[in-house]
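Per-chain residue numbering starts at 1, and chain names A, B, C, D, E and F are given in the order in which the chains are listed.
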Amino acid sequence: MRLQLATWPEVETYLKERAEIIVPIGSTEQHGPNGHIGTDALTAEAVAFGIGAATGTYVGPTINVGMAVHHTQFPGTITLRPSTLIAYIQDYVNTLSGHGFQRFFFLNGHGGNIASTNAAFYEIYAGYTATAGAAQQRSNRPEPRCVLANWWESEEVKSASREMFGGREGSHATPSEVALTYYLFPDHVKNAPLDPPLAPSGRFFGADDYRRRFADGRIGSDPSLATPEKGKRIYEAAVQGMIPVFKAFAAAT
Amino acid sequence: MRLQLATWPEVETYLKERAEIIVPIGSTEQHGPNGHIGTDALTAEAVAFGIGAATGTYVGPTINVGMAVHHTQFPGTITLRPSTLIAYIQDYVNTLSGHGFQRFFFLNGHGGNIASTNAAFYEIYAGYTATAGAAQQRSNRPEPRCVLANWWESEEVKSASREMFGGREGSHATPSEVALTYYLFPDHVKNAPLDPPLAPSGRFFGADDYRRRFADGRIGSDPSLATPEKGKRIYEAAVQGMIPVFKAFAAAT
Amino acid sequence: MRLQLATWPEVETYLKERAEIIVPIGSTEQHGPNGHIGTDALTAEAVAFGIGAATGTYVGPTINVGMAVHHTQFPGTITLRPSTLIAYIQDYVNTLSGHGFQRFFFLNGHGGNIASTNAAFYEIYAGYTATAGAAQQRSNRPEPRCVLANWWESEEVKSASREMFGGREGSHATPSEVALTYYLFPDHVKNAPLDPPLAPSGRFFGADDYRRRFADGRIGSDPSLATPEKGKRIYEAAVQGMIPVFKAFAAAT
Amino acid sequence: MRLQLATWPEVETYLKERAEIIVPIGSTEQHGPNGHIGTDALTAEAVAFGIGAATGTYVGPTINVGMAVHHTQFPGTITLRPSTLIAYIQDYVNTLSGHGFQRFFFLNGHGGNIASTNAAFYEIYAGYTATAGAAQQRSNRPEPRCVLANWWESEEVKSASREMFGGREGSHATPSEVALTYYLFPDHVKNAPLDPPLAPSGRFFGADDYRRRFADGRIGSDPSLATPEKGKRIYEAAVQGMIPVFKAFAAAT
Amino acid sequence: MRLQLATWPEVETYLKERAEIIVPIGSTEQHGPNGHIGTDALTAEAVAFGIGAATGTYVGPTINVGMAVHHTQFPGTITLRPSTLIAYIQDYVNTLSGHGFQRFFFLNGHGGNIASTNAAFYEIYAGYTATAGAAQQRSNRPEPRCVLANWWESEEVKSASREMFGGREGSHATPSEVALTYYLFPDHVKNAPLDPPLAPSGRFFGADDYRRRFADGRIGSDPSLATPEKGKRIYEAAVQGMIPVFKAFAAAT
Amino acid sequence: MRLQLATWPEVETYLKERAEIIVPIGSTEQHGPNGHIGTDALTAEAVAFGIGAATGTYVGPTINVGMAVHHTQFPGTITLRPSTLIAYIQDYVNTLSGHGFQRFFFLNGHGGNIASTNAAFYEIYAGYTATAGAAQQRSNRPEPRCVLANWWESEEVKSASREMFGGREGSHATPSEVALTYYLFPDHVKNAPLDPPLAPSGRFFGADDYRRRFADGRIGSDPSLATPEKGKRIYEAAVQGMIPVFKAFAAAT
């Protein structure tokens, strides 16, 4: 259920019974020689739509540019500074909270978003708390609840990956996420050579450091293993794995 | 050509010959009883993809939440404050400008974005000019060029609208834009009654004022006239009407 | 009626019957070889005082530095970044709104201000709307109304210009605005040579681009035609042309 | 020498030999029952013009709205938040510094501006220092110099006040500043009764506290003593008193 | 080695051979009925001093107010909004980076800081990368490296806690941290009753939600077990556990 | 009475009778060849603890990094930009004000903080005043009161300094402040040579200018006179001198 395909009277009706919304959040950043620049946004959106369809929940517009400072030495990457992303999430949540949305489930496709998004949640909470940094009178609206969940962190996805990709999953431009986009966009499978097939691993700091360590952008992964078929399995595992996480959040007292 | 479906080496190759990018910018806001909340983002994205396909130009990720403060008394609307939208556009342009993109064609779907987006362009230019408000040394990158074009402002669209909708186009939740989304999402045609069929017209100020004047959200329009077929014609007119505008921008010395 | 020449008890009395204020907004920027750097502020202020005198309306302090990033390659230009101008207008309006001023008529002297000023209006409206980006409780003050009007856009000014300057008005450092300042400051008529007399026309982007295209700062104009006498006529046309625009704004329901 | 009445080629010529500019900074705020709301801006501007004329120095546009939060419970007062004033001064100085202005003499008419203006100077300096909070490369322009001087703090003004007003000068809505505006605007002398003639004295904190302590807005002053003639003497004392201060600043190594 | 007890020539000498600094970061927030409000700052500072002494590394001034929005319904708590903490860390790191400090080891005492601090690191990195959101020319200084380490996350601390406190450690106002402050400040051991001895567990969202769930502020802990002696063991485990983490960071290529 | 060594129930009890808090604010910046980088924070903290102990008042966490842009050409200095310090103080005060703290006594150790801290106070007051720049409804909490007092400005300190250091006190890296830290940290007395013993005097502007004028960082001082014994006398004079200032602030109606 895409919020963007609803009308405002439909939303008004929905809010009489429901207060949840799913917010896909991804990134537009390099994913190695054969991964799509939009991987993290495209996968988050698809999984969010899957959860929304399964649970009858509205899915808001995808936050398709995220925090990707460390990828900016690769052309085509776009990043928000963390402070911009925080302001963006604040406005997004606060507008909808004014209408009665109370529970925001951020379905995340990009590790780099985690810190800034969680920071944003507390920037939001501060606005609902007369004693948290603001002089103005606190809202008469109830404090909203926000949570971030990464689609790849369910046991379902992990075991599918383990089975299909063995130890070659890695942590950026992984076969799981690349396969998922190949499933979603089978006309855009990329046959670029990967040399070496398994990318180097390790931690990193800023953008220069990242590019120096990971020459083609991948970290520890072998996305040559990605196929649309495997992507379908990842997609289904991701949706199934996240549904109970979402339901628990929606039902929590 | 979606940037999100490219790889970074493909972008690197593109930048050897091209420096343009099309940026769809829309909004997530009420469009009356039978218009989609995402109308302005969905239409801008579709028209941008059309221009991109016709001209071999990359289309960046859609800015799908815009400046819609005046619509916020209708549930489901999301707005950025102008200052947030300005920061967002700054980061978007500045990252890509660092890679060699020099000309940014914002294909706009929402009148409310115009002021903030143009303000953002000058906030960006200030960063490239040592004498414009910043102490730091000016960039050694050339100053980028940004322009905003509204898809509905070509003669092609105006005459198609005139012919199909007569004087019932109005200025918000128009039959043109509603038809365009019906064409794009034929499974989501809405049959909500419109009372009166032709909405009242007039200017407005803030969000309270807007809701008071325009009870169901429409301004001066009769979107009951919208059909997927008419939407197809609007879509084609919009793409054809904008191609020369884009080409002139890309070619200007 | 200058607000700056009133006392606070006089303002208190005024607010019992009136809620309008006129805000002159201009710029401090190059106006070619024979135009004053303060043209846009000086003209806006003079026209605003004229409207204020004719309608018994307070005129607030002139916003004399505006958004002029594109002029910053010419010495003496001062610019605010758009974000600074937005913050400035916000504070200006919000303070006065707290006293009972409800309708803000921005009498504008500079095209470069339009986008940022309109963006500022929505940044202001967002603060009065619990559902527009802010968590805090909405104001118990009514939403103010803000509008921007350019003094040169009335039919009165256009026909006076047409008659006196023919097709040599142009769009920056125009004979109309230069003449107006010559009328206001007859001791500061400048006799600098203009070469060519009619400046080149065209669009522009950032500050480097502007200077490259328009070598002496003018766009499409021939301000050698400006005289104090013609300036008097422009001034009177501007005041007369704007009075009904202001009255309509003040009287609107 | 008003910068606003110069042309850009004139400024270019000036900058070959001079690097100073005088910036009048005042406020728009209540000045008791018989003082003008614009007193601090009008007096600063007049004194700045006097210094500029005597020394052949450009005087920039007057900063006519300042930091007056504590006066905001009196209608007609306008305030910038300190953070807005800081941003404003930053942009003002940084643009002109890009053209070659190196020494900024802020001629101040309002005690409430002192803290924010001095804070702004250091916000500016930080931008010229690679080691002061910014990652970007430091400017290749020399660090500008900024200073703030209050027109009433010379011995000349103090002795004139002492002689004419005895112990009835006070600290807000003083006979000196009110007289100065009466001299500048003799048609706007106000005959409002003052009760008691000598206002109470004392310190204050925020806006509520200020209004509670100082019922008609004055602090410790008796501006019933103000006349245009006395204002002329204050004006001349202020200009004469500030000229050596300005010259010392301009000449310092 | 406290930076605050060094002189600038000593720092200059240090920087010829070393580029690391340890930055203690904590919080000032409620820690239940018998825990100190400054627990997180006091413990982080003490552990940082321990690591600094053992490795001859400067320890910068403690960031003693952190991100504690969720604790603000308990008196005495102080919080920065995430955006303020990000700005603070930016300035802290950027000033020192200008002097040659290249590696910043944030020794953290408060879980609530993790997201905002990591967001700050990327806000910082963006400033060193011409392609990451800023138009200005990138720094000619090398990109610094920042990392955050929580003192309680070493195996040394975990096993000491397990042994001394069994399953009664919990996650806020834990016996480990309370004991550590009792060791540091033996004159300030608090004998407040804890009812129930073992606090409830669970997740939380904003400040209202936190207070509703955790009536006395503790989460899942039994700090009645805390004694100065046990605190000594925790302290030593924390320092020993973090030394290799710090050394690996300092030595990494 | 350190707030950090209290528990939240203790603070709750305190607030039933008291509303004051002392906030030490200092800086981390060069203090010449034999002065500690943390001098201003260490001295402010010690004096604040002294006042707190004598009057039974809570002392909040020390603001140990302040506004020291002009010292940043000396390694080890850390500065906040004024805007960051303002945001920091805002959050600090607003959180505690939400709990019932109403009077904030900033005990200052660094002249460079004065402007920014006073600016911060008005930024705070603006938040409590519906007519001061904010649209949101004013707080239902009473407006807090903030004041800044410099520990060295009492007659007690001045006369002790005069007696012990004659005319060799100067204004930065003074024997008084250096002695005070020697008293507090007798193991960290520095025996660095001072050449010349008496540093040059004069005003300064930005960081480059400061370093050029004051080669070793001192201004007009001879801190070779500092000893722990003299520091003890300065410390006691500072505490005794400030106690009545604090009491007057706490008791004022």
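Methods note: contacts are C-beta pairs under 8 Å (C-beta built on N, C-alpha and C of every residue); 3 or more make two chains touch, one makes a residue touch a chain.
These numbers were taken from a predicted model, which means no experiment stands behind them.
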Chain of greatest Cα-centre distance to subunit C: E
Over-half contact-pair match to B-C, picked out of the listed pairs E-F, A-E or C-D: A-E
Label of the chain whose CA centroid is most distant from the centroid of subunit D: A
Between subunit F and subunit D, distance of the C-alpha-averaged centres to the nearest whole Å: 28
Centre-to-centre distance between subunit D and subunit B (centres being mean Cα positions), rounded to whole Å: 45
Centroid distance [mean C-alpha coordinates] between subunit B and subunit A, Å: 24
Set of subunit D residues in contact with two or more other chains: 72, 77, 79-81, 83-84, 90-91, 95, 98-99, 124, 128-129, 131-134, 136-137
Of subunit D, residues touching subunit F in the complex: 67, 69-70, 72-73, 77, 79-84, 86, 112, 114-126, 128-129, 131-133, 142-147, 205-209
Parts of subunit F lying in touch with subunit E, wherever the complex brings them together: 2-12, 15, 28, 30-38, 41-42, 60-62, 64-65, 72, 74-81, 83-84, 87-88, 90-92, 95-96, 98-100, 185, 188, 190, 192, 217
